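Got some structures for you, see below.
Shared between the two complexes below is chain A, which pairs with chain B and chain C, respectively.
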Partner chain A sequence: MAEPAYTVASDSETAGEEKSSSPFPETAIGIDIGTSHCSVAVWNGSQVELLRNIRNQKMMRSYVTFKDENPSAGVSDQLSSEHDMLSGASIFNMKRLIGRVDTDPVVQSSKSLPFLVQTLGIGVRPLIAALVNNVWRSTTPEEVLAIFLVELKAMAEIQLKRPIKNVVLTIPASFSRFQLTRIERACAMASLHVLRLMPEPTAVALLYAQQISNQNVNTGSEKIALIFNMGAGYCDVAITATAGGVSQIKALAGSAIGGEDLLLSMMRHLLPDSETLLTSHGLDDIKSVGILRVATQEAIHTLSSQTSVQIDVDLGNGTKICKVVDREEFEEVNLAVFDKCASLISQCLHDAKVDTEDVSDVIVVGGCSYIPKIKSLVMSICKKEELYKGMKPLEAAVIGAALEGAVASGLSDPFGSLDLLTIQATPLALGIRADGNNFVPIIPRNTAMPAQKDLIFTTAHDNQTEALIIVYEGEGKKVEENHLLGYFKITGIPPSPKGVPEIRVILDIDASSVLRVLAGVLMPGSHQPINPVMGVRMPTVDDGHGWCAEALHRAYGSSLDLVTVQKKI
Partner chain B sequence: MAAAASSTSSLYEVLGLPMGASGHEIKAAYRKLARRCHPDVVAMDQKQNSTNEFMKIHAAYATLSDPDKRANYDRDLYRCPQPFQSSYSSANMAAAASAMAGSSRRTNRNWETDQCW
Partner chain C sequence: MAVSVWAVSSISRFPVPKAFQVHENKKPIWRIRCKKEGAEEMATGKNYYELLGVSVDSNPKKIRQAYRKLQKKYHPDVAGQEGHEHTLKLNEAYKVLMRENLRKEYDASIGKVRVAGFRAGNTPSSSLGSSWNGPFRPQALFVDENACIGCRECVHHASSTFVFDDALGCARVKVQYGDDEQKIEVSVDSCPVNCIHWVEKEELPVLEFLIQPQPTEGYGIFGGGWERPANVFMAAKSYNKQQQRWHEEAENENNRRKSRATAEEETPAQAKAREDASRKINMEGFSRFWQWQNKPFWGKKGE
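Take a look at the complex of A and B:
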């Protein structure tokens, strides 16, 4: 290995050249970067194998500790206790912070973490810093993730005795395309080439497809499965129709809710009026909050196997908590989180047009799958007496990612174990701003990929010669509820009464999931665009993108607006 | 062969099925074609063709696997037995669409996360 183990190779977006010069295809490894834990797996020629670190762990804590010059990540680092991670020197929960602006509620709720998350509430990236020798040293989620991935890469290279380049990463279904670029950037910084980014439940769906095709020789019959995946940071649901090794994703739904939210609301419940303490970041306060966090986390874990738990903890600042908490209380405190989980499942069933009686298997995975309330709520919505067995809740996603890595690397298996295919669907709608401040979807959510859709718009004003195409991703009716992906202007519209020019906007997602937005002007009667068509690869926005929409509005008002027209049949 | 069907073939022809095919047969045919034509399973230099091919197959499947859409489609097919044009090529600007789509496909297969073209 030419690269030293602990340097970030480059700050560019791409990970160097990517010629497959070797005659043998390199098998891409699967990586599941969880909010709290991370794992790596690879197809070893006959099956998927999880890699272990030097301490023989398959699940590694996702964090990076900054001390002096050398940061060290949770891959090889040994925590003497959980408190070590909570001193302010370690950055964790990268997956909750990456690609989010400082007005995002998820970033806001991260301000109670022991490291510094400073927000100005103006739609720019938050300042994130680790405490090193009594100095808040700034970093970014991408950098932290890159440092972590460099260690992970080194670990895999030592074990597999070959350089690692190609990876399949699992990502939350709710990630915007902007967030995906941040993940790709972190990978590029770690000299890794992203072969595929796979929504977590779809990775689980692929493993399910393999298991089903192994058991079921008659490949004709279709099985519908509901997959519920909830970890520390995110909750995702997918409905998949599987037969003959083909997993067709019918619907996806996801939200940034997870074990971290359960933990935070429990901490607030145990110590009411603790907001000042939680966000203060004084040295003693960090320690107290750390003690509270560890005690609460242990209590929640205990409540998965017991109906009540005794919490007895001294925060070291004069506050002592001595309380018995039972399961009911825990469930009540977190009612909002559980309700959100339930609504994601219902939404997914509705979107997939699937009735609960059509669902053959219900798969519940992820760290939160150990919580009794989670299991019972999924079973009750799906009207099932039991859940699918045969998957390890913490390993299903990474195994699916490794299978995808093998399939996407062009490997085949003599026993047909890799005769697999996932037909992915768009997790969020893609569209543009039109009709005032409305979001007009062009590719609806849960559209099979690759996809190409178009919609015709027209001018909002008489003699309007230019129009702004502002592209968003999301589910909100108003643009500000969605993720801004980019914008560009089309010019040279022939002066004409409003409503006459046809502005055709095509959204195209290719086989590599790259989104391109094409826009051209047509006048009635003509079949060719007036001017060369604009073709823009999205996202184009970079940091501080929260500002852009507002800046555009300030500069142009509604002068370059578009309105929808009824599509001609 | 259905996979090589032109844009003027019926949705049934796209899937290689007779008009009376059952829902089960439609799903099975879709899967079989997907296993062969999906861009994830073809060689690198065929990804572009296979993307268009797969979208056509998926559009046929999406219509025929939905009982309401299929009934409408069957009625139209019966009423005016001229070649059906799928929705993404039906607009009067089909030429522009393909020109526009063509421009989107010209990029190479290099991995890029930013504006590189």
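Take a look at the complex of A and C:
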């Protein structure tokens, strides 16, 4: 499919311009694209308002149905029943699939979804297809997301009676930069300009900052809050220090676990040995799995309010499930998921160097916040008797995004409701490959953004005239454990013994999280680079990340290697 | 070497063709690092403390407040892309000053040392006041420079301990126990006005800080010039008292916050009025000290 004209995302340089030129700047809208539900909110001049679709829904199911030629998304589409979405014609869970390769465990677990996720396990993007008139019609997560965004955009434009261009999107904290570019790509396909991509818990932090500064006059005192956000696809934790409307993110942690994992493990629990059924994608099988999925989902929802639930379902293929499941059983089945949640919280507290006594408020939001085990788990780790009240669990993130949209669009409010700021932190470390196969971080995790750091490297061989800068993102010590973001070559290093030339690598992240890597060669005693400096916006790799690094290694071996010289903090 | 980073504000005033508004072009990122080679932050002529507008003695809380205030002004969310460069510096300054070890290193690199004892109160500072020869001892020497008549007797008897300040015309302690005890004893006894005192080690930093001449505020053509407390011991005592009261207040404030639920009913207006009043009282009593801490410190060391 020919992709629509691409509006070049302009570095938000335009945001500043619009501010000065027009007294009524366009307010960016906030969009929370959830794995299962989506919502849109906008600052209406005095407060944040959630937009409703024609069926008066604030939360819209995130899916796109392909029928004949015209796809339709969950914004306007009428879903007669949950089973419709599970017929194979609809693509959902885009957020779990976008920007992932087919070796990714999250993609592997998505193979039990009713639509087709075909993986070859070689580190390229998976094939995703919807069943249209008995034909598997291929598509991409970006395309699906773009179709969805177009509908959201149309809906917002009708209600706000103005064209929409700028948006603030919430994203999971664990998204790699490559995934962020995929989201930006989908937005560009929908002719939307991404003003900011906000990790979900930081959007919640901004809302918290507003609520705190509204309720106490004395804004001098600092409040530390732990935000736990778990939806269908992702679980994120953030620790924020808030004072005077400024929310400073001290630490972020996230992982691709969520309600979807609870659902899948529960389905496997209810129907053991169902692996072939789940992944077969025969027409009848899809239907059976759909029935099982809906029943399991309902059971999990019921377990949030009751201690046990009776599951009585006929899968239509001769299998009947008749079982009473109680909460303990559910919690036991999903022990791994809950353990992971706990470890994220502990890691975040550790990274932020915050003791549980210092935490004033614990905020639990997202779809999974209704699960009693999640609530009790967060409370017990934070040693709190109760959770922060005053936020709607499903709306907090989108409201925060709308606030950020208003703030970053340059709006101000006479009552000070927009006197807000989030100081974001980098969720993952950024660095390059050096000292063999090691990952040398240049910007560590949880550095305040915008950030700029540099590090000096040197050549690994005598008379080495070229060097490869391979940029990675992640926490692993070895490069293979991290996401490859891109690579480029520095040339024209004057022939000299190894260790003499200084290769300075600067990483620069601006407030909209755009990463630039600059690299240049200095000879001892000089402050000016010998050749023009290379400035590369990352990520540059498109697809099949792992391959590129391997291919580079095959082509060049260690001949273009770098080693570290000194470490600046 | 002083590398001038182009003043960001001056650029933004002129309309730059959009095509040239590329991040790298506008701001010479590459050059910024040069500051690390030599004098820190020569690019802007400001050190981290000046950048954040805080005194060298500021505690983390004050630094954090100042940082947030400035972020609200310069953060790219508020100021647009022009704020990028400045925010980077703020982030760097904040990171360094908030970490005790980095801050110490930085202090040393810019030649400014916090008056130890003001905050933690254990290690006497070396470069601001006197340094120590050998291990710390409970007693230290202190010259009341107000009383000193500039006879140079002490310097004559114990030249490694005392030093004569020609600019101010008085003697002061350079190195504690720089000479042997006998020499020191002779020099203390030799003082015709008995202005050399044995003081507790803990008192020393405050005394040495307070005895430094501080510029006084001028009103029109009146006033101005330099002055120091008439009785430095009294001044030190009251300073310590204030400091202690402050700590107690901070603690009370903490306790109050914790037990807010049980506190008596008070309307927000009343609470605000009370807080404003108490803050004002505090501020008045301290305005002089703050002034000292903020400005003259620089004037003196920076010359």
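Here is the rule we use: the second predicted complex is superposed on the first by the 542 of 569 C-alpha atoms of A that agree within 3 Å, B and C clash if a C-alpha of one lies under 4 Å from a C-alpha of the other, contacts with A are read in each partner's own complex, and residues count from 1 in each chain.
By our rule, contacts are C-beta pairs under 8 Å (C-beta built on N, C-alpha and C of every residue); 3 or more make two chains touch, one makes a residue touch a chain.
Worth saying up front: this structure is predicted, and the values here are computed from it rather than measured.
S.K.: Chain B versus chain C on the shared chain A, clash or fit?
M.R.: clash
S.K.: After superposition on the shared chain, which partner residues are touched by A:T296: those of chain B (first), chain C (second), both, or neither?
M.R.: So A:T296 meets neither chain B nor chain C here.
S.K.: Go through the superposed model and pick first if A:T140 touches only chain B, second if only chain C, both, or neither.
M.R.: In the superposition, A:T140 contacts neither chain B nor chain C.
S.K.: Using the superposition on chain A described above, determine whether A:T181 touches chain B (first), chain C (second), both, or neither.
M.R.: Once the two structures are laid over each other on A, A:T181 reaches chain B alone.
S.K.: Just to be sure I read the superposition right, which of the two partners does A:T540 touch: chain B = first, chain C = second, or both, or neither?
M.R.: first
S.K.: For A:T35, is the partner it touches chain B (first), chain C (second), both, or none of the two (neither)?
M.R.: Neither partner.
S.K.: Applying the document's definition of touch, where does A:V194 land relative to chain B and chain C: first, second, both, or neither?
M.R.: Only chain B is touched by A:V194; chain C is not.
S.K.: Do chain B and chain C touch any of the same residues on chain A, and if so, which?
M.R.: 13, 15, 220, 222, 241, 243-246, 248, 407-408, 419, 421-423, 448, 450-452, 454, 504, 506, 508, 510-512, 516, 518, 520, 527, 529, 533, 535, 568-569
S.K.: Quick check on the complex: what are the chain A residues that touch chain B?
M.R.: So the residues of chain A touching chain B come out as 13-15, 18, 181, 184-185, 188, 193-194, 220, 222, 241, 243-246, 248, 407-408, 419, 421-423, 448, 450-454, 456, 502, 504, 506, 508, 510-512, 516, 518, 520, 522, 527-529, 533, 535, 537, 540, 567-569.
S.K.: For chain B, which residues count as touching chain A in their complex?
M.R.: The touching residues are 24, 27-28, 31-32, 34-35, 38-41, 47-48, 50-51, 54-55, 58, 62, 88, 90-93, 95-97, 99-101, 103-105, 107, 109-117.
S.K.: Which of the residues in chain C end up touching chain A in this complex?
M.R.: So the residues of chain C in touch with chain A come to 1, 3, 12, 18, 21-24, 29-30, 32-34, 36-37, 61, 64-65, 68-69, 71-72, 75-84, 87-88, 91, 94-95, 102, 257, 268, 271-272, 275.
S.K.: Which chain A residues qualify as touching chain C in the complex?
M.R.: Those in contact with chain C are residues 11-13, 15-17, 19, 196, 217-218, 220-222, 241, 243-246, 248, 404, 407-408, 410, 419, 421-423, 447-452, 454, 504, 506, 508, 510-512, 514, 516, 518, 520, 527, 529, 533, 535, 568-569.
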